[in-house]
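So that you can tell them apart, the chains are marked A, B, C and D in the order they are listed, and the count of residues begins at 1 in each.
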Amino acid sequence: MSKTGYTSSEMMVITASRFLKNDAVVFIGIGLPSLAANLARRLHAPDISMIYESGTLDTKPDRPPLSIGDDELSRKALSIVSVPEMFCYWLQGGKIDIGFLGAAQIDRFANINTTVIGNYSHPMVRLPGAGGACEISGFCTHTLIMLRQTPRNFVKTLDFLTSVGFGKGSDSRSGLGFTGEGPQAVITDLGILEPSPDTKELIMTYLYPGVSIEKVRKSTGWPLKIAEPINITSVPNKEELMVLRTLEKMMK
Amino acid sequence: MTEFLSLREAVQKYVKPGISLAMEGFTHLIPHAAGLEIIRQKIRHLSLIRMTTDIVYDQMIGMGCADKLMFSWGGNPGVGSLHRLRDVAEHDYPHHIEINEHAHAAMANAYVAGASNMPCAIFKGYRDTSYPEVNPNIRFIQCPFTGETLTVVPAIKPDLAIIHAQRADKQGNIWMRGIIGIQKEAILAARQSIVTVEEIVDQVDEKQGGIVIPRWVVNAVCCVPKGAFPSYTEGYYNRSNDFYVRWDEISRDRQRFLDWMDKFVLSTNDFSEFMFKLEKQGYV
Amino acid sequence: MTEFLSLREAVQKYVKPGISLAMEGFTHLIPHAAGLEIIRQKIRHLSLIRMTTDIVYDQMIGMGCADKLMFSWGGNPGVGSLHRLRDVAEHDYPHHIEINEHAHAAMANAYVAGASNMPCAIFKGYRDTSYPEVNPNIRFIQCPFTGETLTVVPAIKPDLAIIHAQRADKQGNIWMRGIIGIQKEAILAARQSIVTVEEIVDQVDEKQGGIVIPRWVVNAVCCVPKGAFPSYTEGYYNRSNDFYVRWDEISRDRQRFLDWMDKFVLSTNDFSEFMFKLEKQGYV
Amino acid sequence: MSKTGYTSSEMMVITASRFLKNDAVVFIGIGLPSLAANLARRLHAPDISMIYESGTLDTKPDRPPLSIGDDELSRKALSIVSVPEMFCYWLQGGKIDIGFLGAAQIDRFANINTTVIGNYSHPMVRLPGAGGACEISGFCTHTLIMLRQTPRNFVKTLDFLTSVGFGKGSDSRSGLGFTGEGPQAVITDLGILEPSPDTKELIMTYLYPGVSIEKVRKSTGWPLKIAEPINITSVPNKEELMVLRTLEKMMK
């Protein structure tokens, strides 16, 4: 932080918030995505519709929630629906524009693993599992994936494929019955990756200010494609940082 | 049809070794008091079913109540790992349990199928993921009209469902509001059901919002104030985010976990004693 | 995304000849004003979909708006036959229409499938009845787990859904309470939607009971007070049981029906004029 | 009426009401069944749970409703559920004890027709159709069928089979996926028919006072089996008649 005046988490959240337009209907998990959406709502997207998996449609929390079931979400929701309704009518029904996903592992076609590290029957690390990830990745029109870029996370081969990004690339996602178009971007602590229009392989299209190409190559477990020329994101502006830090304070 | 019982009586009467048991509450109204009472009565060999396997099942699994677990997400919400769940999955501690893992949509649809007396549910999903390789209960069929491939999972029809709600009336009708999750489906899918409530009132009413589950699908009602703690009951008390964070340290180490459970759960007679002790020790 | 339009504008914009149109409202909140406006605009060749085909569709069918009809019950509720529906089914008057007939459960499940973006719905029913002989859209599959025979029908995905509700807020969120029927599913299953409401308020709120349909699944909101008459809008006005009885005499004879529609519908500019004329003539 | 002091409709309603126990959960259509349930609630079954197809669970109307969507039903309901929930969770889910059915035609195995008289494509009479009848007959634990006994209604062969009673008799109902046991009784304006335990063919088991065996034979379109000895129902008592007539007056 000392060097740039902001942390890499803050940069991730601010970058994600910039993807969210005012009329977006956004499906949000807890953590960085929730912060990003709440930040966007206080900056450029006051009318954004925030949907949390617990069943709250278009909720307007005064403070960022601590869990998807936070009472603040339910008190401020336009509507609360049951879990089956959320998954059938809203997610699978294709009524959501943007969905956020996290991941323990991601591969070059933006498929993700949140289930196990190691062998499924005798895992090295048992992760929480799918939750809503399969349906978010399948049925939100676009998804945004947020995770740190390290060789442990950005892997050649997933230990387990929890939810499909672009499968084996190219058009292998089509024909799976999904309404969603797949990942729009992967937002890391180093920059942004976007799928190539034809092969759907992730390409590093943006670096955060001060991040080197060498650094992102080293942080990726496969030979990473990098856009030429590479774009550099703008640094967080004062308002973005101030509002974000106010939000974070509310969560203490 | 509904009996008003103490939680101890209800667990004695309905929670038998070997049954399949769904305890639901999606981030709200989690039936924690019932879970602790099952631990207190040392009931074993349960097939546990729960979408968001969080602290309540971490406790039951860690104390050896479960032979099987069906779930679609297992973690400490907003905090991180569930250490007892990880210990059983990674090291078979305290013993091996059989895992039947799904995604949320599959379990939600399977509960709906159970409530609707269907043998299975169809939906879209799981295609090209690893789940069908590790779960033989995920199959695929063709839509007879479009030829499209659809995913099929068996209905969930538990022997017993336990949920927590805000209120029951004196006839045993249940009222709940706020995040309602999958609880109604769990009750309707189950052969028998227990509902713990914050209070018993003369009459419940949907006109103030919320939903009512009629008495004739509920076997036992138990009045257990604060029975969702550390989860919350909208209109009664908030989530103890602090306890969720503290659970991380309590549960991380096997012995620390066992000592804590012994002190607060096995050495207390019921949930109100448990809460009293927690308060005295500064947990609440 | 939601536009606030007059009912005339909304019908002009969205109700095109040849579309499939679901107008729902199960015994409550029936969108009668919208039906009359479609008649007034002389829109033809519609594929009409409605579970309880009652007066609103009797009027539209009698006036020749429909080429096809999908329904699961057709009658004048609490009164008896629906004479225009009978005339078209028994005598092809005013012209032959194609009938796609179901039972309620099939249509309810088919709407749920439509809202859920599924190509079809499975349920139990129709076995050993005559329906599969007359409706090729009823098929059977086997449960891949139990082998049990299950019934399959195609999802309902109308081009347009029209419903009536109590209120919209200024953003276009819809609030309804009381008997909610199949309206939410109809809206979510449809490609586009129009909602007529009794009034537009600053804000709608589920905390007073009822349900909210969010603005981003609604294309047009039209404020049409009394727009469900002779059906009712809970909290606003009661059902005109008297008008349901009088519809029996109005509709029994072809010419009497046509004269009545000409006088009250085609010769009035909109629903408020229609209601004014009805009142003047002692119908209300 | 002059002869007996009550009408045949009143006798039908009172007979049906006697079938309804205090703890019953009853699915009711409009007309005679609704009157019967409301009568039972005011006599011997004050705690009966009345469910109407429109979505009202356990409603306690002050006056008998005029349609299943009557606002009186919704105002007095314990819970109001959507149409899919009613059909999936409550009916198909097997949560209802007794369902009422009406019919335009019935055959000897209590299968009924409410769809068309004559040929389906060019019907002589287009009837309302199935509505909820298929699911009521399939999934309520027991059903009670109410219709007048005439050769036109009690037919050898249905013009259309709308909902299954006992199919072709014996165990032909089993294996159709139904949870309900089928028709418990057919209540007519002449008496009561009940299925034979083995063949499931309807047997006339009760006559109303003053109805002759000859009369019921003539009123039935097939060679009717009659229990020997035949039972005679008790006449409506004063209270039954008084309460029923009060209810009917409320509906004017």
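Going forward, contacts are C-beta pairs under 8 Å (C-beta built on N, C-alpha and C of every residue); 3 or more make two chains touch, one makes a residue touch a chain.
Keep in mind it's a predicted model, so treat the numbers as computed, not measured.
Undergrad: Looking at the contacts, which chains touch subunit C and subunit D alike?
TA: Joint contacts, listed by label: B.
Undergrad: Please flag the chain sitting at the greatest distance from subunit A, going by CA centroids.
TA: Farthest chain from subunit A, going by C-alpha centroids: D.
Undergrad: Averaging over Cα atoms per chain, report the distance between subunit B and subunit C in Å.
TA: One centre to the other, that is 40 Å.
Undergrad: Distance-wise, how many Å sit between the C-alpha centres of subunit A and subunit D, to the nearest whole number?
TA: Chain centroid spacing, subunit A to subunit D, equals 57 Å.
Undergrad: Any chance you could list the residues of subunit D touching two or more other chains?
TA: Within subunit D, residues 80, 88, 92, 139 contact more than one other chain.
Undergrad: Give the residues of subunit B touching no fewer than two other chains, as numbers and ranges.
TA: 112, 116-118, 123-124, 148, 150, 184-185, 206
Undergrad: Work through the pairs of chains, note which ones touch, and then classify the graph as line, ring, star, complete or other.
TA: Shape of the chain contacts: other, as it matches none of the listed patterns.
Undergrad: On the basis of the stated criterion, which chains touch which? Give every pair.
TA: A-B, A-C, B-C, B-D, C-D
Undergrad: Name, in rising order, each residue of subunit C that touches subunit B in their complex.
TA: Result: residues 116-120, 122-124, 137, 139, 141, 143-146, 148, 150, 152, 154, 206-210 of subunit C touch subunit B.
Undergrad: Per the contact definition, I'd like the list of subunit B residues that touch subunit D in the complex.
TA: The touching residues are 1, 112, 115-118, 171, 173, 184-185, 188, 204, 206, 211-214, 216-217.
Undergrad: Can you list the residues on subunit D that touch subunit C in the complex?
TA: Listed in rising order, the residues of subunit D that touch subunit C are 30, 53-56, 66-71, 73-75, 80, 82-84, 86-88, 91-92, 115, 120-126, 128-135, 138-139, 158, 160-164, 167, 172, 176-178.
Undergrad: Contact residues on subunit B for subunit A in the complex?
TA: Result: residues 26-28, 51-52, 71-75, 77-78, 81-82, 85-86, 89-90, 101-105, 108-109, 111-112, 123-131, 134, 148-150, 178-182, 184-185, 231-232, 234, 238-239, 241, 244 of subunit B touch subunit A.
Undergrad: Okay, in this complex, where on subunit D does subunit B touch?
TA: Result: residues 23, 25, 47, 49, 57-58, 77-80, 88-89, 92-95, 139, 179 of subunit D touch subunit B.
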